[in-house]
Amino acid sequence: MKKIEVIIKPFKLEYVKARLAGLDIQGMTVSEVKGFGRQKGHSEIYRGAEYQVDFVPKLKLEIVVPDNRAEEVVTAIMESARTGEIGDGKIFVIPVENALRIRTGEEGDGAL
Amino acid sequence: MKIKTLVIPPALGLLAAATVHAAEPSADPASMANAIAAVQTHVDYVWTLVAAALVFFMQAGFAMVETGFTRAKNAVNIMMKNLMDFAMGTLFYWAVGFGIMFGASATGWFGTTGFFLSDWVPGGDPWVLAFWMFQVVFAATAATIVSGAMAERTKFSSYLIYSAVLSALIYPVFGSWAWGSLFNGNGWLEGLGFIDFAGSTVVHSIGGWVALAGAIVLGPRIGKFGKDGSVRPIPGHNLPLAALGVFILWLGWFGFNPGSTTAANTDIAMIFVNTNLAAAAGAVAAMITAWLKFDKPDVGMSLNGALAGLVAITAGCANVSPGSSIIIGLIAGVLVVLSVLFFDRIKVDDPVGAVSVHGVNGAWGTLAAGLFNMGGFSAAVVGVQLLGIAVAFAWAFGTGFILFKLIASTVGLRVTPEEEMEGLDFGEHGATAYPDFQHTSHM
Amino acid sequence: MKIKTLVIPPALGLLAAATVHAAEPSADPASMANAIAAVQTHVDYVWTLVAAALVFFMQAGFAMVETGFTRAKNAVNIMMKNLMDFAMGTLFYWAVGFGIMFGASATGWFGTTGFFLSDWVPGGDPWVLAFWMFQVVFAATAATIVSGAMAERTKFSSYLIYSAVLSALIYPVFGSWAWGSLFNGNGWLEGLGFIDFAGSTVVHSIGGWVALAGAIVLGPRIGKFGKDGSVRPIPGHNLPLAALGVFILWLGWFGFNPGSTTAANTDIAMIFVNTNLAAAAGAVAAMITAWLKFDKPDVGMSLNGALAGLVAITAGCANVSPGSSIIIGLIAGVLVVLSVLFFDRIKVDDPVGAVSVHGVNGAWGTLAAGLFNMGGFSAAVVGVQLLGIAVAFAWAFGTGFILFKLIASTVGLRVTPEEEMEGLDFGEHGATAYPDFQHTSHM
Amino acid sequence: MKIKTLVIPPALGLLAAATVHAAEPSADPASMANAIAAVQTHVDYVWTLVAAALVFFMQAGFAMVETGFTRAKNAVNIMMKNLMDFAMGTLFYWAVGFGIMFGASATGWFGTTGFFLSDWVPGGDPWVLAFWMFQVVFAATAATIVSGAMAERTKFSSYLIYSAVLSALIYPVFGSWAWGSLFNGNGWLEGLGFIDFAGSTVVHSIGGWVALAGAIVLGPRIGKFGKDGSVRPIPGHNLPLAALGVFILWLGWFGFNPGSTTAANTDIAMIFVNTNLAAAAGAVAAMITAWLKFDKPDVGMSLNGALAGLVAITAGCANVSPGSSIIIGLIAGVLVVLSVLFFDRIKVDDPVGAVSVHGVNGAWGTLAAGLFNMGGFSAAVVGVQLLGIAVAFAWAFGTGFILFKLIASTVGLRVTPEEEMEGLDFGEHGATAYPDFQHTSHM
Amino acid sequence: MKKIEVIIKPFKLEYVKARLAGLDIQGMTVSEVKGFGRQKGHSEIYRGAEYQVDFVPKLKLEIVVPDNRAEEVVTAIMESARTGEIGDGKIFVIPVENALRIRTGEEGDGAL
Amino acid sequence: MKKIEVIIKPFKLEYVKARLAGLDIQGMTVSEVKGFGRQKGHSEIYRGAEYQVDFVPKLKLEIVVPDNRAEEVVTAIMESARTGEIGDGKIFVIPVENALRIRTGEEGDGAL
């Protein structure tokens, strides 16, 4: 199995979710993160002093999929999360040795 | 109409005569005149005390402004300071401060009678109680101004010491010079004709200059100024709360300024209008100034602009015209922006801008009360105003500086760097302002 | 009892006579009658101005309701709009609006005197100041109603333009028709017997219909309506703040309605009771309606129900009985739920329900003031009420629509989609409402 | 000065005479005496109703304290309970409660006239309206006290039932014993000389003991007490909001206590001062007690200390001296800390400390009103106070216990464990208090 | 070493923690996440419109353990986090190449 | 590629960020987490009852780097995040099979 970790712009969540639903992807886990990268944060003003906000709000999606589905999922995310602007985010593919469903104890691909 | 009355023991029956209900006057002229006077007295009490309640509510306003403009990890500490400078201030002003400010003076420099509210005896004229109530909320306002400038790094126990000294001594002594004759005192500054109707100097500048002393003795928060001399903003944690605080303060000012008549009369109309116009003008001017300088209408500056306008009109609210009030507010709004930038530049770290809002604009407002005097411009009047401003600075900054240095060199004024980084809420109070884990529950 | 008095220059000594302290009347009947009148005047001032302060506080209520019902990324913008429509509204109503609303009229259509508070001269009767103070907070209420309906997508600078025009022209012109005779004006609508004691129509409907125009011209927020025509809620970010806002507004209404007597008399008792009963009934009815429709007692609807009841009783609070007030409130509570659903269905995006609360229930309340008139039902009275409702809609929606279209086609009314998605706080103000990283500090 | 007047139909013209504007009295002594009485009446109305507005605002205070001290997942539920116990309480107190509390009594045990505000007819004396307005906000205070102790686990619909019964029966019956004679009633307890000026017992203890019954019948929240008998704190979610709530309550108490004169006179000055001193002393004493016991100045305890002082001075605010008020407040501050610990030890789960603040300190304050009576100590007076305290406990705890047991065994009092864990906001209201995902937007 | 990533229902944290304490597990890292899966979110009401809350609040635990302890830890979590209802969550086992303790510089199993 | 996961004390973020900037590291992702470990949480007081806060606020940094840069990055973090006190945190090195840049579709080291 692979864990596909994706960093996206927050407003893209709906698009990615819809697209993955189309692929019949059963689950994912989302968290709020701050990203630091080529896309520079804004400069904000606080009581008269300008300051650089280095970190940009992003969402991180984690989706564990069977090995054979990794590619199509990556492609789907790539397409649905893209705006073409700097800061669209990254996809990281990480090996997963096992997955278990707590409720039933199922293991492996069947647990997803 | 039946009403509840004081449970008066027979021995105190005299009181009954004093508070005779005006509703049943007898028909002879003298008693009728008394009855009319009694009704007027009742209105005066109602107005003075309602105004006191509004000024009390400013404590909530200060608490919200200060917590909004500081970090979450210090929010409990801010609340405790605001609660306690009012609670302790009440007790110290009752025991000591009021007597110093309004007592008859043996020395000519401060009052020496009327401690522990001893001017009142059961059955006696209750005016001193109403008057004390109105004055105690003013004393607490002066105390709480300092809290903001010293936020996020001051030891709580040391803050309590400061708070007691300010309520018992620093504020009342100056107050006795400017306002003592409102009761049993007789201040030298008011004797010269010093105009400070509701306390631009007496309350706000005094608070602001003590705040300046505190901020200087404490030094800046860790991380506020870069090693390269750069200014690094430390943004607060809840601007909507800060805005709520400003609205509450604005409301409270409708007690602060017109209530300072301590009498219900038609003068309060102009004071209301002036107060409101100056606040509005201050907010607009600060917004525009910030917009021009930073290219954006900054919320922190706009909020402080409203407060600056309010502080600035406080001295002259009863002797300048509505038109002048707008000008005073506009200048206050510009001034507060420049002043915040200035104190940043000279590396005085004042997290909420208390020195700029209260100190600087208190001084400006006091000067303006002379400049825009409806009775016509007089160099002598302006001179006295300048004298008052200077004396207030010397007294408040001087005593504040000594006090904070003394505290610093004995019990210590500042928390450890570790505690500061972790937040005072934990270090000082063993607490967290937002302890619930699932703060955002579902998406 | 010593009091602070206005610092009066000798030249203005006349004023002293006017405000002679009622406490020392001489014994002859004429001067005693004057003294009694003076005390009554003082109570009138106190009541009118305290009420004005309560109405002012409604600004905080609106700010909290609006920010609670909208997203965190726009919270600073909401605060700025609420602060600025009051601050700028104050200045524009001072310069222009008051004269148009209450000045003597050359044309019969709006006032043309009294700009810049010129009806007052130092030493003159200060009533105009008290009256202005009470009126300016009403004007600001009308202005701020619109803010909610246009939330989360309006350019800040364009909002300021709107706000100025509303305070200076749209609100005052209609106000002059219904209330002008309270001062120097003489409105045609009041001449017909139009009943709108505290402004269901004059303040709330006017605000509500301009809000409707604004929401229509702006179009819905991105994501509010699906391509398939579905309605997608965009939940706010802080319902406890919204609830606090409603409590503050309810409090403010105790100034809004009974304060509209601008005199201290026994009439205010019934107005208080009616106001409270209608609000309570509105909340209960909206809760039950929502419970029946959605199977749950919905908090947003219940809060709006209370406001709907308050808006609806505003016109008739002085001429309907307490029992009728309950009925008026109950209907308002049902109406607001249906109206919110209706505007969703016709794809008008009003983030806080301002049109339903203020526009629709302002109209209902105005009608109800005719229907439930304690003096007995009269078709003529109801007819005039309907006329007033219709005229208000035509005027406010019409001028609002033109104004927003004009703004849209010149400086632009709406922010870019990018800015909208990122939040107006950053785009318009370079700020963030909750900048502190460690919002939830420990577990 | 033109004012808006009630729209009076000709048939009700009598009213006009009653409310003749005091400003134009004729010169003969009798009419002048009437005119003076009329002005005093106007001030009485203004004061009573402004005080009622302040007490109303305490609802917001309770809502903030309760939501601050409980978890985010129940915040909407807290808001709904606070909104609805006021809204429903208003309607039930109008229909039933007021008649029971202040109606003329056929039985000697409770009133049986004046339901549906039937004591007022158009054109009649409006005092009953002003008086009702002041009383309804007291009834709602009693109701809302219970909300805090039962927070985070009570079914919403069952809460509504409780709330109706309290407002219609439990509170008014006891109220009729202690205060009935303020209107048409004649209570046996007041007949004995029971002193409870503003309701330490009538409002706060009654609320507190019903709260105790509720907390006992409900049982503790899941997770509050470990299986090993340990006490596990369940921290709230927003202490700054809780602090804001305490400031609002403190403000409201300036209506609660001095407003209980329901007349504008000079007595209110001492009541203001006593109220403020006791609150300050309570906060300081609770802080010190907590500091000694836990080594830290705890914010929750300090806030509750202020409230405890306020509750404790409520009975005696008009018959104890300022010095005594400080003592009463100090003891209240100690007591509330010990009491919270005590109820934890006996495993009564009261999330906000309502029983300790209102029940225990209501009793203490009632006793103190006897002990510190300015008229001198009398065993008989203290005996009556103790009787009143005991009767209040028996009545409120007794009826409360039966009521909650009845509810529990019919419709059910408590939500399911699943719902409790997930939060009542979702289960009861289908809602979330903080629905916006990006709560902290950028760093 | 293995990183055991666990998605659980929030109120199960105490149970899992207690159970792991019994196994003498030295550390873990917890974060708030939103889960999307078979367990459907609620429908909530907002001002009169019903809407589906697709995401359910969950906690994510990350526990790095030596290879030989992975199995017992997985079993312990499985037991203590189970309610038997849909949405109990997942366990993912991910390879870790190295671990270091920042304070001391220790590496490998000793750093845990 | 490697994903370097770091748990640090929150106030160390600035230092680590500055140090990594010096190494010309292009990006990272930061999230707020609660840590449980040897560093014991405080005991806090809530309305008169003391309670143990088991979890300590930490930040988690995730930095994906080419294999050959992992070591220097680890060393840099180790140095800049260290205070020498218990609770300084951990570094975990996790294999990453692929990385993609959503904007351009670049893959592998070039996507970082």
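Note that the chains are named A, B, C, D, E and F in the order they appear, and that numbering of residues resets to 1 at the start of each chain.
Everything below uses one rule, namely that a residue touches a chain if its C-beta (ideal position, glycine included) is under 8 Å from a C-beta of that chain, and two chains touch if they have at least 3 such contacts.
Given the structure is predicted, the values throughout are model-derived calculations rather than measurements.
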Joint neighbours (chain B and chain E) are A, C, D, F
Between D-E and E-F, which chain pair is linked by the larger number of C-beta contacts? E-F
Quick check: superposing chain B onto chain C on C-alpha atoms, how many degrees is the rotation, to the nearest 5? 120
CA centroid of chain A to CA centroid of chain B, Å: 51
Separation of chain B from chain D, taking each centre as the mean of its C-alpha atoms, in whole Å: 30
Centre-to-centre distance between chain F and chain B (centres being mean Cα positions), rounded to whole Å: 46
If you look at chain D, which of its residues touch at least two other chains? 29, 32, 36, 39, 41, 43, 46, 50, 127, 235-236, 238, 294, 296, 298, 300, 426, 429-443
Please output the residue numbers of chain F that touch at least 2 other chains, ranges allowed. 30-32, 34, 42, 44-46, 50, 53-55, 94-95
As the complex stands, chain B meets chain F at residues 421, 426, 429-432, 435, 437
Footprint of chain D on chain C - complex, ascending: 29-30, 32-33, 36-37, 39-41, 43-44, 46-47, 50, 54, 71-73, 127, 131, 181-183, 195, 197, 235-240, 243-244, 246-248, 250-251, 254-255, 258, 260-270, 272-273, 276-277, 279-281, 283-284, 287, 294-300, 302-303, 306, 318-319, 321-323, 326, 373-376, 423, 425-426, 432-437, 439
Residues of chain E touching chain F in the complex: 1, 3, 17, 26-31, 64, 94-103, 105, 111-112
Could you please specify the touching residues of chain E with respect to chain A in the complex? 2, 6-8, 31-38, 54-55, 58, 60, 74, 77-78, 81-95
Parts of chain E lying in touch with chain D, wherever the complex brings them together: 11, 34, 42-46, 50, 53
